[in-house]
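Below, chain A partners chain B and then partners chain C, in two separate complexes.
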Partner chain A sequence: MSLLLGIIQALVVIMLAPFFAGLIHKVKQRIRGQKGISLFQFYRNLYKLIKKEVVLSKEASIVSSIAPYFYFLPHAILCFMLPFFYKNPPLGNSSNPVVILYLLSLPVFFMTLYALDQASSFGGLGSSREWFISSLSEPSAVLLFFSLCVYTGEPNLKGVFLKLSDELRSLLSEGSDHFSISIPFLILFALLVLALAENARIPFDNPETHLELTMVHEANILEASGKHLFLFEYGSYLRLTLFLSLMSMLLFPFIGDATLYPLAFALYLIKMLFLCLVVAFVESFNAKLRLFRVPNILSFAFVLSLLALVLSMEA
Partner chain B sequence: MSEGSSSRILNVYKYIPFTVSSLIVLSLFLLPREFVLQLGFFGAHFKLDALSTFFSSLLVFVSLYVSVYTLGYAKELKGKPPVLLSLTGLFILSMFFTLISNDLVSFLFFWEIMSLSSFYLVISDEKKESSRAGFIYFLMTHLGTALIMLSFILLYLKTSSVSFDSFRGSADSYILLLALLGFSIKAGVVPFHVWLPYAHPVAPSNVSALMSGVMLNTAIYGMMRFLFEFSSSNSPLISLLLILFGCLSLVYGAIYSLTESSVKKFLAYSSIENMGLLVMGMGLANFGLHKGVLPIYSTAKAFLLLHTLNHSLLKSSLFMGAGVVVKMTHEYDMNRLGGLSKSSPMLFYLMLTSSLFMSALPPSNMFFSELLLYKTLLLSLNIKGDSTAYMFVLMLTLLALSGVFVGATFVKFIGVAFLGKPRGAKVSSKPSLTELVGIGVPVLSSLLLGLYPYPVFSLLSSVYPLEIAELNYVPINILLLSLVLLLILAFITRRSKVRMYETWVCGLDEENPSAQATTLSQTYSIRRLFSMFYSTVSEINFDAEIKKYFRSSILYKEEIKDVFEEKIYRKLTAYILDISDHVRRFLQTGNINLYISYIFLTLLLCFIVYAILTGEKP
Partner chain C sequence: MEKLASFFALMVLVFAVLNVASPFLKFAIRLNMLQSWTLALYVLVVAISSGVFHLYLSFLATIVFKGILIPILLFRVLKRTGKERELDMIMSIPSAVVFSGILIVISTILVAKFGGLEFIFGKFVFVSSLSTFFIGGMLLVIRKVLFSQILGLLIMENAIFLAANSAVTGMPLVVELGILFDIFVSILMASVLLLRIMKSFEDIRVDALEVLKE
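Up next, the complex of A and B:
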């Protein structure tokens, strides 16, 4: 029963990912004064991509055929690891922070290889920039996850979020004093910056343009088409959803068991909608940064996560 | 000697490394756990205890498949192949005896044979570049040997015994420091690494594989012997130093292997990085002992053993692969390679897998060992109210940073050398079967080790009592889930067709392979951000022409130099040369009377020293 509920949770998150991405897109368009796409447009795009044929480059090696799968799969697996709203995710016992981080960089490895496989000059740009951003965001991500683990004393993230949820509940019911606001607060801000950086969002990258001077993520997958593009696109929606979900689990940690399943899900949905709005607003009211200004913002995130780790070591 | 007879001789000699390794396998099974070899008046003691057994079995395994690889690679050897192959056998044998020696004389004897034979192997192709590399290697490795010898002599004076058994728990911290310093020169820990990026790439690839895969392990073995068995106390200072130098090597190796464009040199830098990880792990283990937190000690120890194993497997396979690439194209520079995935798919698959594993991405064996290191760090961070714990925050950051660099490095390697279009180098031959088998064995064993490491864990803990904390990582479950998901994906996308077409080049019709990414462009952003770690010289040359925007040729050259070499070693050498010049002018005036008086004074000094030491009247 708990396995089934866990699998349902993962599938629901996977199914919802294009919706969240579409919602952000729609809100951005409305802010710009455009009418905006339908909320389900991204599902239609994906369906269209599945039906299209794949055009492979003549220079392509086997990397071009396997990289899209290696981009999609780790993200999908991560959806089975985290307790988004139900406390027993099927792979919860593997949700070590290091496993999660390395599963998040496995897709980057293959996507950048895919870019170089096309023998085009765009691919090189994209893959070089992708690693550049990664080199700055990864240390801060490690510190951030470890500070959560040190703060709660749990070795894996499933335990971390369950414990946070329990703490919040005990705080609400009997007013226990073991509860830190500052650590989740700092981590939330750092995670927001990381979510924008790792998902090609506006201060870092603009996924809507095709201009070689600005693009990072798009330059990597410029040659992808058909089901390969489907996998890349769906994978990137999942990546966005994962980062936002990590934030949602910190925002008001409430993870239910079987009886509270619908309530916890509704709360998760509300939190995710709120976060989507936040991301859309941040994207709308900021301009894209010059590439070599990116370290400034990311070092800010790094300092925040460093502070969080130091605080949680003291706590 | 005619062509035929020399190739016939080669055909015999190329089996030497293989024979030696097989003999060692036999002796590992047949030899008693402890034995004495009478060499004239001196009995050399050998003992196969837990640590020796682990390291020597690893040595045997690596040298076996490297020897298989050598069977195919032997034709490529330059200089005098018969001597080279015999010395490779001697090199393997001396490493084996170093690892199982149980007294200081035989240890130092075989250690020296190992150094000398590898020195000859480094200079074997008789070029100027390799003799320079050989000289630096010779100098550094003997500096290391001198320090190790000194620490052994001090131990001997303290215990008045040559046996390792009596050294147990008697090395004070200054002896320990000397020995660790000596061994870290051999391991290529920054800032004593200068020989490594020179010596490993110029040696023939089978030798580089052995040097990086196994010889560095002998240094790790020595450090572990001293640190965990001979040392009398676990001082926090030693931990601090080990962690400091470990971090330095880690970041330094990662940063330089990222920007390096030679297919063999970047692997040498990557070895420095991995040695840094191991030294860091030793520091953590020592810290755990000092604090009395046993989980930290045992997890760090498990990391040390497992990471040594993984690094040996993968680094040797990568070096062998790089050797095949050089053999196929006669080109060391990645920027002139490209498109090798089409000329030799099998080599490409093997190199792709080893690169993926070397980047420590799941589900690799390297990921498993790094997970153990992260686990150790998490355990150490959890010690509340200890000011040294803040050191681990720094380690964590550097570990993550170097992890990204390693990923970028191997994407660069695979992407530039194997993918895309050829950038100029011609492919003249195909890898032979024995070479591919030699590379395939470590890759396959790494794969198995990554997916199901528990048998190896239990084997390791039978060799060495280990207790590994819960890792929260079950690769088999993840694998099963990904298989299910793959099936679903295959079902969803079952109807899609594939068409081959040209890459989009913005409507231009020219074919320009040099527009692809190079090692310089691929690492430009990171290089610019971390520019303080590099000492870069770049120059742009073009013909003075009127047409400013349509130049016919532009030459752009960028050279990245080793900061330590430029800033420390070069200055140090200049300083030493300067001093010795002054001393020479003072001592060697050319007057023969003065020289005779030197001889007389030396004799007198000898008498006095003898008289003081023995208390006798001469």
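Up next, the complex of A and C:
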């Protein structure tokens, strides 16, 4: 029973990913004064892509035919690891921070390989930029996950979020005082910066254009078509959903067991809608940064995570 | 209450780090204003929890002097100098920010050695004030525009004020008002000096001042 509920949770998150991405897109368009796409447009796009055939360049090696799967699969596996709203995810016991970090950067590795393998000039450009941003945001992510583990004293992220949820519940019912405002605030802020940087969102990269001077993420998947593009697109929606879900689990940690399943799910949806709105507003009211300004923000996020680590060692 | 106090103390530090990361003068002044406001809120929390009356007055004085008057003055001076451009530093912004992270770690280690002190809201408030002090000092040294020297001084002053309110419930009111007035007057004089320098040298960059003028 608990296995079934855990699998349902992961599948629901996987199914909802294009919806969240579509919602952000729609809100951004409404802010600009456009009518906007349908909320389910991204599902239709994906359906269209899966029917089309794959076209590969004649320079492509075997890497090109396996890389899209290795872009999608780690994200899908991560969905089975994290307790989004139910406390027993199927792979929860292996949700070690190191494993999670590797699973988050493995797709980037394969995506950049795919870009290089097709021997187009934009591929090399995009992959070097992608690694520039990704390698700068990595230290911040490492410190962030470790500070969560140090703060709660749990080795796994599943345990971390369960403990945070328990703390919140004991705070609401008995008014216990083992909690902290500062650490979740710091981590949420750093995670927001990371989510924008790792998902090629506006201050770092514009996901909507194919302007060759500025694109980062799109330059990597420029050569992809058909099923491969489907996997890349779906993978990037999943990546965005994963980062936002990590934030939602910190924002108001409420993770239910079997009886509280619908309530926890409803709360998860509300939190995700709120975070989607936040991302859409941040994207709409900021201009894209020059590429050499990116280290400024990412180093600031690094110091925030360092501060969170210092604080969680004190607490 | 304790969580709220340490949150405000943390925000003072975060605004100092953000100040290091800010490439524009106008943004830096605005951050300094926000830092003074969070500092005032921290003082308010201490006042409410300890019930000492003169802390309310020092909260008001902080808001009026540091939160409103000094930023208005700085904005006006900035407008007069007409140099609303990017800040030059002797090292790049990312390395300065990471260096301020190192300063935070160093001050954490230093505070751990402080055995005898009792703090009202935990050790972290003192860690925050010490590292804000260091970061203010660093800003004094690494920026090349005269204007930001004033900002570094203000950040250091905020840090000392926070330190004074971390271990005891503030200084006597007369001393506090005296310091605030001192700071205000010194900022006033520094800005007059800055305008004079601007007038006779036509630049406020430190390295340009080293060149002899006929």
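Please note the rule applied: the second predicted complex is superposed on the first by the 315 of 315 C-alpha atoms of A that agree within 3 Å, B and C clash if a C-alpha of one lies under 4 Å from a C-alpha of the other, contacts with A are read in each partner's own complex, and residues count from 1 in each chain.
Please note the rule applied: a residue touches a chain if its C-beta (ideal position, glycine included) is under 8 Å from a C-beta of that chain, and two chains touch if they have at least 3 such contacts.
Since the model is a prediction, treat every value here as computed from it, not as a measurement.
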Inset, instruction - Quick one: classify A:Glu59 as touching chain B (first), chain C (second), both or neither. - result: first
Inset, instruction - Tell me which partner A:Leu168 touches in the superposition: chain B (first), chain C (second), both or neither. - result: neither
Inset, instruction - Go through the superposed model and pick first if A:Val282 touches only chain B, second if only chain C, both, or neither. - result: neither
Inset, instruction - Look at A:Pro295 in the shared chain and tell me whether it touches chain B only, chain C only, both, or neither; answer first, second, both or neither. - result: both
Inset, instruction - Considering only touches as defined above, state whether A:Leu39 meets chain B (first), chain C (second), both or neither. - result: neither
Inset, instruction - Please name the chain, chain B or chain C, that touches the greater number of residues in chain A. - result: B
Legend entry - Which of chain B and chain C A:Ser180 touches, first, second, both or neither: second
Inset, instruction - Applying the touch criterion given at the start, work out whether A:Leu307 contacts chain B, chain C, both or neither, answering first, second, both or neither. - result: second
Inset, instruction - Tell me which partner A:Arg129 touches in the superposition: chain B (first), chain C (second), both or neither. - result: first
Legend entry - Contacts on chain A seen with chain B and repeated with chain C across the two complexes: 295, 306, 310
Legend entry - Residues of chain A touching chain B in the complex: 50-63, 69, 72-73, 76-77, 80, 90-91, 93-99, 101-103, 105-106, 108-109, 112-113, 115-121, 123-125, 127-129, 131-132, 134-136, 138-139, 141-143, 146, 149-150, 153, 155-156, 222-223, 226-227, 230-231, 291-292, 295, 306, 309-310, 313
Legend entry - chain A partner contacts - residues on chain B that touch it in the complex: 338-339, 341-342, 345, 348-349, 352, 356, 359-362, 367, 370-371, 374-375, 377-378, 381-382, 384, 389-390, 393, 396-401, 403-405, 407-408, 410-411, 414-416, 418-421, 470-474, 477-478, 481-482, 485-486, 489, 492-493, 495-505, 513, 515-518, 521-526, 528-529
Inset, instruction - Using the touch definition up top, name the residues of chain A that touch chain C in the complex. - result: 177, 179-182, 185-186, 293, 295-300, 302-304, 306-307, 310-311, 314
Inset, instruction - Flag every residue of chain C that touches chain A in the complex, lowest number first. - result: 3-4, 6-7, 10, 13-14, 17-18, 21, 23, 92-94, 97-98, 100-101, 104-105, 108, 122-124, 127
